[in-house]
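A, B and C are the chain letters, set down in written order, and residue numbers restart from 1 in every chain.
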Amino acid sequence: MDRSLRARLEARFAGRLTGPVRQRHDETEIRIRPADVIEVLRTLHDDPELEFVVLADLCGVDTGTHMQVVYHLWSAKTPDWLRIVADGMPREDPRCPSLTGLWPGAEWMERETYDMFGIIFEGNRDLRRIYMPPDYTSFPLRKDFYLADDAARSPGGGVRHMEQTQAPAQATPRVVRRTVKA
Amino acid sequence: MALTPDGAGEAVTPDALAADVSPAADAADATDATAASALVTGSERDLARPLVVPNTLWTSMRPDAYRSGAPAVTHLRELEGSDLELSDTARWGQLEVIPTKADLVVDLIRMNSLWPLLSGLACCAIEMMSAATSKNDMDRWGMFPFRASPRQADVLIVAGTLTTKMAGPLVRLWEQMPEPKWCVAMGDCTCSGGRYKRSYSTIEGIDRVMPVDVYVPGCPPRPEGLIYGMMKLGQLVKERRGQWPEHKIGPNVPTDV
Amino acid sequence: MTASGTPHQHPSLDDPRIMLDDQIGQFEAVPPYPPRTEREAEFYSLRDGEMFVNMGPQHPSTHGVLRVVLKLNGEQVVDLDPVLGYLHRGVEKLCENSDYHHIISQIDPLEYVSSLFMEWAPVMAFEKLLDVEVPRRAEYIRVLTGELLRVSSHVLYQGWMALDLGGLAPILYSFIERDEIVEMLAAVTGQRMLFNYFRIGGVNGDLNHEFMSRLGDWMSRAAKQHEANIGLLNENEIFVRRMRDIGRLDGATALRMGTSGPNLRASGVPFDVRRAHPYSVYPELEFDIPTRGGNGGGDSLDRYLLRLDEVSQSIRIIDQCLHNMPDGPIMARLPRLLRPRPGRAWAAVEAPRGLFGTYVISDGTDQPFRMKIHDPSFVNLQLVGLLMKNNLLADTMAVMASLDPVMGGIDK
């Protein structure tokens, strides 16, 4: 948990953060808008105080209401991982600028995100499906894509336990706690 | 895609075998019913009869390389006691052609020089390679040359998960192999889908797309397990019992294959 | 008479009369639809003298089902397009529908050669979500078994490297070594390959007598065996000349491509997650980060030699683990039904192929909301397109094998 990193981020990206800088364990998280992605990441890469040179991960998240793209970066200047969440993309037409101008290695990660979620990365020269066959029409990791299994489709409401459809709660007796008589 | 007991009536090709199996199965069920009735419901008892489906995806152009004219099932539990039960000597009596020593030699040659095709898809491929290398040596039985080209291979050991994208190339590989050819399903993923049974992009067992002779379960099976499977395959090759035109779906697996 | 009655006469697919054009189209190197992206249009248009060769999903190289479409000008590879997805099993979706405990066995087959590392990162992420502290003995056992598996993976890489270049003998030596290590791990985990050994809060079973005796035997021979492995191929002229100056990658490009692991360290960048972002008990252990290819970047031979260097470092770590192994519990006490607080966690470990990371989003239920798996081979494979420009066809395998891809992880 690097407090100085938080101070530096808040100072550098004052206007662009859409939420507070969150820190937990050894991760620092900032939230930005998708439109600011290129600018923020370029600053994070080039700024000598920040120097986040290693792109560790690029992934998409379907929160049910919105789509997010989450980046993880590493820098030698801080002991924390940095997580950048580009939040707020609509589920019907999620678009995000592509990182391939800064990190050409993000090309396949963005292809995978497109394949699994349908998020269009503007600027990626090769945005086609990478895992599924090219004529596949669905986006498998979206929340409205259900596995062909009833348990996965059950609403859950609280505890989405896999066995709930087959073993109802009444089948398992409740544990009786023996209280110690004082 | 799974055949339910309700769908059994539509998919089965009526043949003498299925008709003979049912009364024997009922007899067997009646004796077990008292013991098993508490656990087995009605629909599951229907599953106890083997579902015989024709292999619609591929049939051999030279079936005499695989069968000696004997019926496909010889050791099914339900057939014991019926007139279809066959012992070894009785099997040869059903032949149209008397096997000669040349046939025996050809069978021995085929059995001892089964060249597998390199078809390692995933984790089971490592155990297949381990079975082929020094410590568990498959070269002892002539199976070391893993051919890269399907045109030169005898056995297709499918080792690893079959995905929907790979199904096309794999069936094409199978088609390109010249006959006689056999197929070994290695690993849980190829036998039944395994741990990826719920996945959206895997095929639950390669016997949905190609006829399988030997199933080697395990995740991954030990190299010794694969060698045991190859030994079984050797028996099948020698006794010309491969390539069943119908394959069985259901929990009843013949005991003495 | 066969018992089948009337067998169904389905014509073989080889019969040309029934093969439709679009069925033929799916097996050609060039996709049968118009190009959808810039890069596809650029790649799938041929200039004079060029041709497409499809290195199909089944090929004698042992990485798995990778399809590479090569654009050749005679013998020279002008461009190449890897096609993935032949082993995509939907692991991330299955993880979203599994318990936290079940995920550990779901994730094993990603990089099946080094499956303990595949378990390690998710388990670390879950421990962050649950605020669980792992007992020290469990951490040491994790490091010990992990480094053993790293040795096994690198030794296997040696054999594969030679096999892809055509040498059939070194793979036999590699598998002898690997079998020994893997039997050792089977004594403690119960499985030869997809171990399912790490648990949230520790490991599954304690070290037992068989493991320790096998490990003792192995350690007494390890250094000598490592020298023998080095001597197996290092001075083989054909091997060295096929790998030297092939696929030169410099550090800045490697960082921009998101590479990690031995491929990055062989380009001169000393980035190792064990030192860059230490986890587990690595801060207490003494080991170096070997790097190669400082000036001008590293070629395939550097990548090969670097992995040999890493094996000696791993042996050093195993030695220290054995000497410093503390006593104590091997697993933290956790309920069976795990419901972490809603939150997000990222954890990364240094797998033998690079940075393996997991990003887990928990929504308070007993199944994760999202589980993203970052596999190093997936990102490293992008280098093939970069490094293969204007090399000869036979060098394709040298470059691809030197990057050590494992298709299980690439395709998830």
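Keep in mind that, in the parts below, a residue touches a chain if its C-beta (ideal position, glycine included) is under 8 Å from a C-beta of that chain, and two chains touch if they have at least 3 such contacts.
Just so it is clear, the structure is predicted and the values come from calculations on it, not from any experiment.
In terms of C-beta pairs in contact, the better-connected of the chain pairs A-C and A-B is A-C. Distance from the centre of chain A peaks at B, each centre being the average of the chain's Cα atoms. With centres set at the average Cα position, the gap from chain B to chain C is 32 Å. Rounded to whole angstrom units, the spacing between the C-alpha centres of chain A and chain C is 23. Chain A and chain B have centres, each the mean of its CA atoms, that are 44 Å apart.
Chain contacts: chain A has residues 131-133, 140, 145, 147, 149, 152 touching two or more partner chains. Chain B has residues 165, 198-201 in contact with two or more other chains. In chain C, 85, 88, 90, 93-94, 97, 411 are the positions where the chain touches two or more neighbouring chains simultaneously.
Those residues of chain B that touch chain C in the complex are listed here as 13-17, 54-59, 61, 63, 67, 69, 71-73, 94, 117-123, 125-127, 129-130, 133-135, 146, 148, 150, 160-161, 163, 165-166, 168-173, 175-176, 195-196, 198-202, 219-220, 222, 245-246. By the touch criterion stated above, chain C contacts chain A in their complex at residues 31, 33, 36-40, 84-85, 88, 90, 92-94, 96-99, 128, 255-260, 271, 276-277, 337, 339, 343-346, 348, 355, 357, 359, 361, 365-367, 370, 372, 374, 378-379, 381-382, 411-412.
Residue ranges on chain A touching chain B, taken from their complex, read 131-133, 140, 145, 147-149, 152. Per the touch definition, chain C reaches chain B in the complex via residues 1-10, 12-14, 26-27, 56-60, 62, 64-65, 85-91, 93-94, 97, 105-106, 109, 112-113, 171-172, 175-176, 178-179, 192-194, 407-408, 411.
Per the touch definition, chain A reaches chain C in the complex via residues 24-27, 29, 53-57, 59, 61-62, 70, 72, 74, 76, 79, 81, 83, 102-109, 112, 116, 125-135, 140-141, 145, 147, 149, 151-152, 156, 158-162.
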